[in-house]
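Shared between the two complexes below is subunit A, which has subunit B as its partner in the first and subunit C in the second.
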Partner chain A sequence: MEKSRRDFLKIGGISALGLTALPAFKVLAGKKQPVYKLSDKALKGKRWAMVVDMKKCWEKQEKGVCKDCFVACHSIHNVPQIDNPKREIKWIWTEPYENAFPNLEYEYTAEVLKDKPFIVLCNHCSKPPCVRVCPTQATFQRKDGIVMMDFHRCIGCRYCMAACPYGSRSFNWGDPRPYIKKENMAFPTRTKGVVEKCNFCAERLAVGLKPACVEACKAKALVFGDLGDPNSEVSKLLKSNYTIRRKNDLGTHPNIYYII
Partner chain B sequence: MKIYDGRKIIPGILIAAVIFSFPFWLNFGKAAVPPKPKLPKEVKNCVEPTPFMRTSHMELLNKWRNLVVRENFRIFAAPDGKDYAMSLQNGCLKCHASKAEFCDQCHKYLDVKPYCWDCHLAPKENK
Partner chain C sequence: MLDLAFKGSKKYWRWLIFLLAIITVGAACFLLQLREGLKITGMSRDVSWGFYIGQFTFLVGVAASAVMVVLPYYLHNVKEFRRITILGEFLAVASVMMCLLFIVIDLGRPMRLFNVVLHPTPHSILFWDMIVLNGYLFLNIVIGWTVLHAEKKDVPPPKWVKPLIYVSIPWAVSIHTVTAFLYAGLPGRHYWLTAIMAARFLASAFCSGPALLIILCFLVKKYTKFDPGETAIDKLSKIVTYALLISIFFVLLEVFTAFYSQVPGHMHGLEYLFVGLDGHAKLVPFMWLFAALSILAAFLLVNPKTRKNERTLIIACVATFFSMWLEKGIALVVTGFIPNPFEQVTEYMPTVPELLITLGVWATGFFILTVLYKVAISVKEEVEAL
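Moving on to the complex of A and B:
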């Protein structure tokens, strides 16, 4: 069979084209690949933050001791209740004004603030020192600003505890399980030798729920939202109120704001 | 042939043989029973094909925990069109409801002790 050079080139060209189309064909005809995704209900934000209106909280406290936010957080996350202050584990708790804001405290601190309890938790700093020092990247910052802990990577070196200026982190000196009254079967506990702290309820945001403490607060003193959205409730609160942040001068850029 | 001190050496060899084979005798007759993990009845398929799960579930779990905790993906859309929660406690253990009758069956046989259960909670029966 005679073939002109022209025919040969034509066939060659078509074959080459076929080869380049092969991967595309494979994708189209082949089995569907597994995909990983996040629920459509998930709350999404650019920079999660919380505004704590302490006046609302104190008003409620005057009518009787309220621990709703601590109880909600600690029971959902299997945080053990250890009474020994050297071993206690806490994700959210109170500090007196003088300890929470040592740089704002002075001789003539207003009576309304003296010794007043402030709700404190991990500040989910925009410039988190804990993330910088973690040697295993167990502590890292998510794109939405949450300072997250990957407990699988924590080796218990406690550099992060030394770096955190807010004491937001606790170390498990022993097995926490005996100190957990009722385990939440949907969330893991931690174990001896790892550090832990507030995770801004990453697991709840992923299914469209607000943080447990925010949901539990009947006084609506805790407001959670996205600072990346100028119309969010937190953005509006920050625009219309004077707020303070803990140890602002350290340059960690905390994302928990207080109205006093 | 004459062995000097044969009266001592031969029993000695015999005793040594018994001592060396002792581990073998200890397990003799107790032929290890192959593991029989109890499979779920209500569902037919695992999140991936069974042969893959049998050999590679630990790799899948490792991948999943990174994806969940570090990348914030929490749903696995399997090629069969179903969505699964990428979770040990809220996924695997929802179908394989008994850790003792499933995971532990194989792991006891193999003598692997995944440390996952130091933190991840399995239903109480498994003590």
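Moving on to the complex of A and C:
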């Protein structure tokens, strides 16, 4: 049978296309996934949440500038300190009331709230838009509600940054490593071109420790716990206090609550 | 058939070398971006998509050039379009290629691109955009090439292309719709959160794509022996007219909803674009230029005298194309990020390397377009000479 070069190229091209079906085939073949075993010490929860008592935080702030929670978080997670606001990376920081809660602010905002700094971080939403839009599942939600990032899978499309209504996500516009003062060898550094954000200290929960910011707060303004447990401290605080959430009306169900 | 692309006049080669030179500069800047990261661009934590994604969004629209000739020809038997369907399809191929390139160069880690295929995620609109864009590219290459090949051999096109042609029509609608859905489904980005986003995308696509096609038809007529035909251009110009008017109407709908309801979130984006927000007004001149050009184009297109006059029609098409470029390629994407989630305004301006990379991608698109048009027109000249 005679084959022209054109036919050879055509068949070759179609075969190459067929190879792209390989991953789909692998999925359908249903290989058994390895199972990860959790440490016995690990903290377990159904829906992790944080209650931030801003009054306690401000009391402490009046005695002098306190940045304990940011420092603790940023140092253990190798968050680079880039001073350019266009390129900066932050996991936990403060924003004035007007900016953190733009939909609650009005002309006669109470003096106790006006311009007051509010601690902001990833809300670990129960219905996270960032997870919905991520094309590679590099951002995903765990069963306990934590919204996590796989820094090695992220392609850096920044769709999650467009989707997050809280500005919680930062992108590594350049190599972050020169901006890390002291590297924590127990946590990965990131490469340029990936997105990052607060991970609710998943790596600490796994060994039975509370998030670093919670531990670092001397004013005990940050309370971390499981909303799935009605007797947890966070559940009790929510029952007995008036709390607000950021942009509650967007239906993302944020899991950071503020006592004001 | 591809051999026809290697036989050309001096002018043809000079043009290709000129494009290659721009591509080389763009590629060099892209290497710099690969090494340094996206910090060489003007994008920031607040405005995290910029010029690249803007061009991608605009060029998805230009790809509509194909469907606007294919649909009338195959579904309504508008015979005038027979001669230019191939031009529409090949313009779509070049546009979609540019779209894909713009997505890739915008990635922080382009080497991980295939993670999108390795971990298919149907709940992400970007996953669907990958499917519809690649599908549209594939359809137009296969259909265009096969039909042209048949024309060269002077035989009717094989039967199996017909279903592909019919599929390509709704498929064209899908590329605009899915691309609009990238934006229209995000909570907290008020400027994008509008149900008529997909409709706006379709309308602006149906004017910018055919407008460029008309300009290209005139260029083809001027530089080659192939005449796309006066009636075809006339029919196309009517399509551009209607689509442009609908486009302008849709923008006005957005203005009404925002300003009559007086909901601040809905007004912010338009305020930023037309008068500036909190003293930030970098896009204001571009937006008024958009308004002026689209009104000028509408004026020239609606009046039959100026629409049928070659010179004024070209002006109208350039104005249409450029005004839609301003609106989709610059304003739409950036304004979604203004104000940011903390209601602060961070402005965006592309940097020089960013512009050079962008130019490089456009040059790549025009390189592909030139080669494809060269093949198509050589075939047409050959057939007509017989």
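The rule is short, and it goes like this: the second predicted complex is superposed on the first by the 224 of 260 C-alpha atoms of A that agree within 3 Å, B and C clash if a C-alpha of one lies under 4 Å from a C-alpha of the other, contacts with A are read in each partner's own complex, and residues count from 1 in each chain.
The criterion applied here is as follows: contacts are C-beta pairs under 8 Å (C-beta built on N, C-alpha and C of every residue); 3 or more make two chains touch, one makes a residue touch a chain.
In this text, all values refer to a predicted model and were calculated from it rather than measured experimentally.
Asks: Give one of first, second, both or neither to describe whether A:157 is in contact with subunit B, with subunit C, with both, or with none.
Replies: second
Asks: When the two structures are overlaid on chain A, which partner does A:34 contact: first (subunit B), second (subunit C), both, or neither?
Replies: After superposing on A, A:34 lies in contact with subunit B but is clear of subunit C.
Asks: Of the partners subunit B and subunit C, which touch A:142 in the superposed model: first, second, both, neither?
Replies: The first partner, subunit B, only.
Asks: Quick one: is A:202 in contact with subunit B, with subunit C, with both, or with neither? Answer first, second, both or neither.
Replies: A:202: touches subunit B, not subunit C.
Asks: Of the two partner chains, subunit B (first) and subunit C (second), which one does A:247 touch, if any: first, second, both, or neither?
Replies: The second partner, subunit C, only.
Asks: Does the superposition put A:7 against subunit B (first), subunit C (second), both, or neither?
Replies: Neither partner.
Asks: Thinking of the overlay built on chain A, is A:183 touched by subunit B (first), by subunit C (second), by both, or by neither?
Replies: first
Asks: Applying the document's definition of touching, compare subunit B and subunit C: which contacts more of subunit A?
Replies: C
Asks: So in the superposed three-chain picture, is A:191 touching just subunit B, just subunit C, both, or none of them (first/second/both/neither)?
Replies: Touch partners of A:191: subunit B and subunit C.
Asks: Would you check which partner chain A:115 touches, where first means subunit B only, second means subunit C only, and both and neither mean what they say?
Replies: neither
Asks: Show which residues of subunit A both subunit B and subunit C reach, each in its own complex.
Replies: Residues 191-192 of subunit A touch both subunit B and subunit C.
Asks: Using the touch definition up top, name the residues of subunit A that touch subunit B in the complex.
Replies: Within the complex, subunit A touches subunit B at residues 31-39, 78, 140, 142, 148, 150-152, 183, 185-192, 202, 206-207.
Asks: Quick one: in the complex, what on subunit C touches subunit A?
Replies: 36-39, 43-46, 48-49, 103, 106-110, 112-113, 115-121, 123-127, 130, 182-183, 186-189, 336-337, 340-344, 346
Asks: Show which residues of subunit B lie in contact with subunit A when the two form their complex.
Replies: 48, 65-67, 69-79, 81, 86, 88-90, 118-121, 123
Asks: For the complex, give me every residue of subunit A touching subunit C.
Replies: Answer in residue numbers: 20, 23-24, 85-88, 95, 98-100, 102, 129, 132-138, 153-159, 161-167, 170-175, 191-195, 247, 250-252.
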